[in-house]
C-alpha cells in the first residue's frame, strides 16, 4: 500500500533555518564513536549536541569529523559549567573551535540533580545574547523563567522533562504545555526522555523538537532506539497537528447502533 | 637552546623558547597551520585555544609567543550532551 | 542521510500468518468512506475491523470493497452484542458474509461503559473456538480473565486501555504488562487510545499490536493522525526491542567530566 | 399471482409467492446469483442471510422458499469497531 508522507512539508524553523528532523541527538554516553554514528544515521537527526573538552592528541577519532561527514550540524553545549563565567568562556571556545554561533547553554546547580541554576543561567544568557550567540537555553520547566529567558533574547527554550539521564519522562506535562502556549520562540524538550512514548508526548504537548542523548546512547540497542525516537517524534508531531479526540469520562461506540439485527437489540 | 615550562590541558609541558601558540597547536594536533591559524590543507581544525582562561582567537595564534607559566587549554568537540 | 529500517524483518505473527504492520484500524466513527480510505492508506494497516449490519440497498459504497481494493484483511466484530447468543450469531453471519474465520469478539455489559461482560464473553469465546473461529477476544485489562480466555483457545487477547472511544489512553499499564508477561498468544491493545503516545506506550509494554478507531476516525485530520499512529506503533515497537534505559531517581550526566578545563572545575 | 408478506431487515416486505432466498438477495443486492449463492460475475458478494435468527448458508439460498411471516436479515460489513 503506497503512503503519502503528510509531514513532508512540515519543517522545524530555528535561527532562520529549516530542518526536516525535529529530533536533536546528544552524543554523550555512547560506548563508541561507531555506535554514535549508527545511532545518528538511524535517528535522521540534522542537529547534534557535543561537549567542549580538552583535545586528546592520540584521540580515537573525532566527533567533529563524524558530524561533518554525516552532514549533521553541531550544537556545542556548556555541560559541566556551574557559573555564568565558565559557561560564557566555554561558549566562546565552542564558537572558535566549531565555527558556529549556536550554543546549548547549560549552567548546572549541582551534580546530584544536574538541574539548571536559574540565576547563573539567566546571567549567562544575557551575556551570550549580547555577544551575538544563538542561545538554546536548557532550563527547568518553570514557565516564569522561560518567559524571562525569551525576553532576554534566547533563540529557543529547552525545558527539562525530568533530570538529565533519569529516563523519568515528562513529569509535569502541564508546565511544558504552558511554556509552549506562552512562548514565541521554539520550545525544545530536553532531558529526561526514557523511551519513545516520552518523545511522542513532548511533541503532542506542542514542543517544536526533542533533544535526547542517554535514552539512545545507553539503550541496549542504540541504533534501534534511535529509529524508534525518529518515528516517535514524527508520530507526536503528526498527532499534534492532526488534532486529537477529546478525553471523555464515558465510552463512545465506534460501531453504529443503526442496522443492528432485531434479535441483537433485544426486540424481536 | 633552552625550553620554557607551561601548563597544557592541566599538565606540565615544555616547549622550545620562542614557540608560538601556533607551533604548539600544530604539534599537538599534528596539522600544518597557516598564519591565519587554519589548517593549510583547507579542512577545518575544530579546535580552540584558551590562554590563562581567556580565548585566544586563531588569527592571533601565530603572533602569540608562549611565556613561562602560561596555562593553555586546547579544546575540541567531544561526545556529550 | 540514508537510513536502514531496523524493523524491516520484524513481523506480526497471528493465526499462522505474518503482517508487516502492527496497527489494526477500525473503520467506525469516520465521516465518510473516502475519509476511511485515506486514513487506511496513511496508517499502513493490513487488518481492519468492520461491524456486521443490515445491507442497505442504496448504500453509498461498500466498506468490504474498500478493504478488498486496498488489500486490507477484514476483521469483523460483534460490536453491539450483549449476550453470548447474539455474539455467536453475529460471528456466524460474519463468517458467511466475509468468508473469514476471524472474529473480534465483543460482548458488551452496558452502553455506558461499553466494557465487556466477562461471563458472556467467556461463554461466547468457548462456543466460537469450538466452531473453529479464530477469536480475537476484546476483554477488560484483568490478567486473570485474560488467562482464562487464552486457556479456552482464543487466538489473541485484546485488553482495553480504557473505555472505547474515551481517549483516556492506558489507565493501568501494570495490568497490560502483566497480561503480556503471562500470555502465550499475541496481546493486542484495543480501545482507549487517544493519541500517538498512547499507542507507543502500548507497544513499549510489550503488546504485539494496537487496535484503534476513534482516535483516527474522529481526529480533526484523520489521515494525518493515521500516519502518526503508524509511526507511533513502530516507534514503540522499536523502543521495546531496543531495551530502554532504566528509570533513575537522580540525574546521570551525558557529557563527560573528563577533559574539563581546570577553570571550569573550580580548581585554579 | 399473489404475494406473501415477510419481514426484511426489520421492515415489512412483500415478495412474489414462490420466491427463494436467492431471489430476494439477488433483487436486494442487484446482483445475479448462481445456484451456489455466489455472484455469477465471480466477485465476492460480501453478504450473509439469517432466517428467523439463524444463519442460512449461501449454498442453501436457492432451495429455500420464503414463507409468510419469515423474518430475514441480510447483513454485510459496515463501518465499525
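As written, the chains take the letters A, B, C and D, and residue 1 is the first residue of each chain.
Operating definition for what follows: contacts are C-beta pairs under 8 Å (C-beta built on N, C-alpha and C of every residue); 3 or more make two chains touch, one makes a residue touch a chain.
Computed from a predicted structure; not experimentally measured.
Between the CA-based centres of chain B and chain C the separation comes to 60 Å, rounded to the whole angstrom.
Our note on geometry: chain A versus chain C, Cα centroid distance of 28 Å, whole angstroms. Annotation: 91 Å between the Cα-based centres of chain B and chain D. Residue positions of chain C with contacts to 2 or more other chains are 26, 28-29, 51, 53-54, 77, 79, 89, 213, 254-256, 259, 261, 263.
In chain D, the residues that reach two or more other chains under the touch definition are 9-10, 50, 53, 73, 75, 78-81. Judged by the touch criterion defined above, the protein chains form a pattern that is neither an open path, a ring nor a star, and not fully connected either.
Interchain contacts (touch definition given at top) occur between A-B, A-C, A-D, B-C, C-D.
Those residues of chain A lying in contact with chain C across their complex are 1-7, 26, 28-29, 40-42, 44, 46, 51, 53-54, 56, 70-72, 77, 79-82, 86, 89-90, 111-115, 163-168, 194-201, 204, 213-215, 217-225, 227-232, 234-239, 241-261, 263-266. Remark: chain D residues 9-10, 28-30, 44-50, 53-55, 57-58, 73-81 touch chain C in the complex.
Put simply, chain A touches chain B in their complex at residues 26-30, 33, 36, 49-55, 57, 62-65, 67-68, 74-77, 79, 89, 92-99, 104, 106, 213. Every residue of chain D that touches chain A in the complex is listed here, in rising order: 9-10, 50, 53, 71, 73, 75, 78-81. Residue ranges of chain C in contact with chain B, taken from their complex: 254-256, 259, 261-263, 268.
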